[in-house]
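In order of appearance the chains are A, B and C, and numbering begins at 1 in each one.
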Amino acid sequence: MSDHLTLAQVDRDGAIAETLDRISPDSRAGFLRKGAILGGGIIGGGAVLSALFAEAGRAATQTDLDIGNFALTLEYLEAEFYTEAVAMGAIRNARVRRFAQVVAAHERTHVRALQQMLGAGAVAKPSFNFQGTTESEAKFKATAQVLEDTGVMAYAGQAPLVESNAVLKAALAIHTVEARHASWIRHINGAPPAPAAFDRPKTMAQILAAVGATGFISTGPGMTATGSTPSFTG
Amino acid sequence: MSDHLTVEVVDADGAIRKALDDIETGTSREGFLKKALTTGGVVALGGVVIGGLPGLVTAAPGPAQDAKILNFALLLEYLEAEFYTLAARSGALSGEAAQLARVVGAHERAHVAFLKGALGSKAGAKPTFDFKGTTEDQTKFLATARVLEDTGVAAYNGQGQNLTKPTLAAAASIVSVEARHAAWVRDILQQNPAPAAFDAARTQKQIEAAVGATGFITA
Amino acid sequence: MTTKSKRRGGFAAALALFLVFAALAYGRDPAVDDGGVDLSPIPSERVEVSAGPSLVEAQAAPEPHRLSDLDGISRYMGVEQPVAARTTPSLGGKVVARLSTRTPEGTTNVVLALRRVERGGKLWIQARLPILPNNTVGWIPRTALGGYNQVSTHLVVKLSTFKATLYRLGKPIWSARVGVGQNRWPTPAGEFYVRNRLTRYSSPMYGPLAFGTSARSATLTDWPAGGFVGIHGTNQPNLIPGRISHGCIRLENADILRLDRLMPPGTPLSIVR
């Protein structure tokens, strides 16, 4: 993946992140609560979104279905990546772990919302092999940064192509949250949270090529055989 | 929900493809926007002051409406650019807060330049601001920055469906940067950088009320 | 004991006591210069150290991380390249088995993932293996395996009561009577997993559906395709329950169809006496 950080970059940034984390962890302990109190007015939350999707109905045009499924595939990938990273227990740093937990929950919510919007037209979840990137804190940090930046570029590329306002609203609401995620992990990694004044979009083909190159989306194991008589001991 | 196809949408592939290319190569950002805004040759807008903005009717997207919305965005970008510029100059900031003021200020100034260029003669004038000491105290600076960035995200997201597609592409390239700014400030403040799974959109009226309540715009 | 050795013994004991006392005293002595490192037990989230990176890394070195829990989530992985499973997580470890990518039935060869460690920047998975002797585990480089697949079910077969129970997250959700191996061809006891699922064959002896497991007959070692123990239906339901088979676990056809709706392949299997 051309945007992938080199190991040298990751190591250097990891050292900076560890330095930042020497701030007493107690001050971070209540940030979720604080965020809820202070951030409520402008940010909005789940209640706003359920209303949004209640009125959204289904993605009606083929274009919107294709775009929705493209987004859903990326969200499946992110949701599985973060959920697995939390479960794999390789993240020792509290700040990184909190990032993983919060973002995992967001991505799972994105999956549910897109599935609801696409209805019977939603693609099924693929199988994934994260090849150890969920099992090493350093690899997780680097991969998360690339995934989030990619998500921003993907949504930016599709937004102008969406045909219905309902799907557009949903896409915009997710797009900026992915940008928050990207900024957050970049900050943790010691990379510039907002590297440029303008974020660039990428086309669906470019994103799919980049994602394909990771090998994360894989055919799962084939567990069923049809038509051959069992050769068990009986 | 608007299902009918406007000329802009039908024209989509050419204009959008060019718009995206231009953004990616960094060339002629203003060029395509100018084109979008002048097609159909409609109304020039005078200067805008908060509260005096004509109410944005959610008509089908078109160049005139794009201009109104971009002037609304320009107002917010003027505010942010001035805020960060003054804060960086005040000498009150140190460490990462100072760095943020420099980096984000440069971004917001770039956004101002971009929108002014795109609007051309239709661009509203920069208002007069009084930031009431929030640029001269690091704690107040950070708290205010957080609100301004979150507000910017909600403002742009609230207008997405009202824009023509090329203008939407441009807005998308800006709003994600505002979201990055917001998350950065929040993380410095040890608040949740991404408090919700979906970012709420706010209407122009809601944004005007929020900004008006700050008292930052004095003329 | 002679008097001499008694005295020596007594002295040794006193010395030992003194050393223990000294160790305790020194451990708490603030005057001892330990280089600024806090030696008290460090809670996992505090990283307040002035020592260099080595201490931080030591704290972060993971214990073998558990990947499967019979009362919760278990994980299985496909074997994506032919690979050797070893006694230790190291390329110098003795080879326990050589795994191929396919089962005799043509399905993906999968292993139940038990634990994970990192050694020298490389991940190793300790896996339950479909080999004799039964209950063998081995360490496999993670790079030879596919993604993690989760199940929340656990099948338990109790031979002495001829009963099979399926649990989901520790709660029973299905049970049925079973036929098991005759005394000369016993169904092996131990820890295994369901590794594939066979359908749409035409052999009434096996009923409508069969599950392959990682368990092997310890007696029918010459059986074609390795003598794997299956879980399958039957055209002789009247024999259930009982010791009736060559080692397989037999279910009435309606029961195995119900099981199929609830139990994904990959599910861990415990066979108890």
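Here is the rule we go by: a residue touches a chain if its C-beta (ideal position, glycine included) is under 8 Å from a C-beta of that chain, and two chains touch if they have at least 3 such contacts.
What you see is a predicted model, and the numbers here were worked out from it, not measured in a lab.
By mean C-alpha coordinates, which chain is most distant from chain C?
For chain C, the chain whose C-alpha mean is farthest off is B.
Find me the chain with the mean Cα position closest to the mean of all the protein Cα atoms on display.
A
Can you work out the whole-Å distance between the CA centroids of chain A and chain C?
32
Could you grab the centroid distance between chain B and chain C? Build each centroid from C-alpha atoms only and quote it in angstrom.
That gives a centre separation of 56 Å.
Measuring from the mean C-alpha position of chain A to the mean C-alpha position of chain B, what distance in angstrom results?
From the centre of chain A to the centre of chain B is 25 Å.
Which bits of chain A are touching chain B when the two form their complex?
27-28, 31-32, 34-36, 38-39, 41-46, 48-49, 52, 57, 60-61, 102-103, 105-106, 109-110, 113, 152, 155-157, 159-161, 163-166, 168-170, 172-184, 187-188, 192-194, 196-201, 203
Could you please specify the touching residues of chain B with respect to chain A in the complex?
1-3, 9, 12, 16, 19-20, 23-24, 29, 103-104, 106-107, 110-111, 114, 146-147, 150-151, 153-154, 156-157, 160-161, 165-166, 168-169, 172-184, 186-187, 190-202, 210
Okay, in this complex, where on chain C does chain A touch?
44-48, 53, 56, 59-60, 62, 65, 73, 76-78, 104-108, 110, 116, 118, 123, 142-143, 146-149, 181, 185, 195-203, 205-206, 210, 212, 217, 220, 223-225, 227-230, 232, 245-248, 264-266
Which of the residues in chain A end up touching chain C in this complex?
Within the complex, chain A contacts chain C at residues 15, 18, 21-22, 25, 84, 87-90, 92-94, 127-132, 135-137, 218, 220-234.
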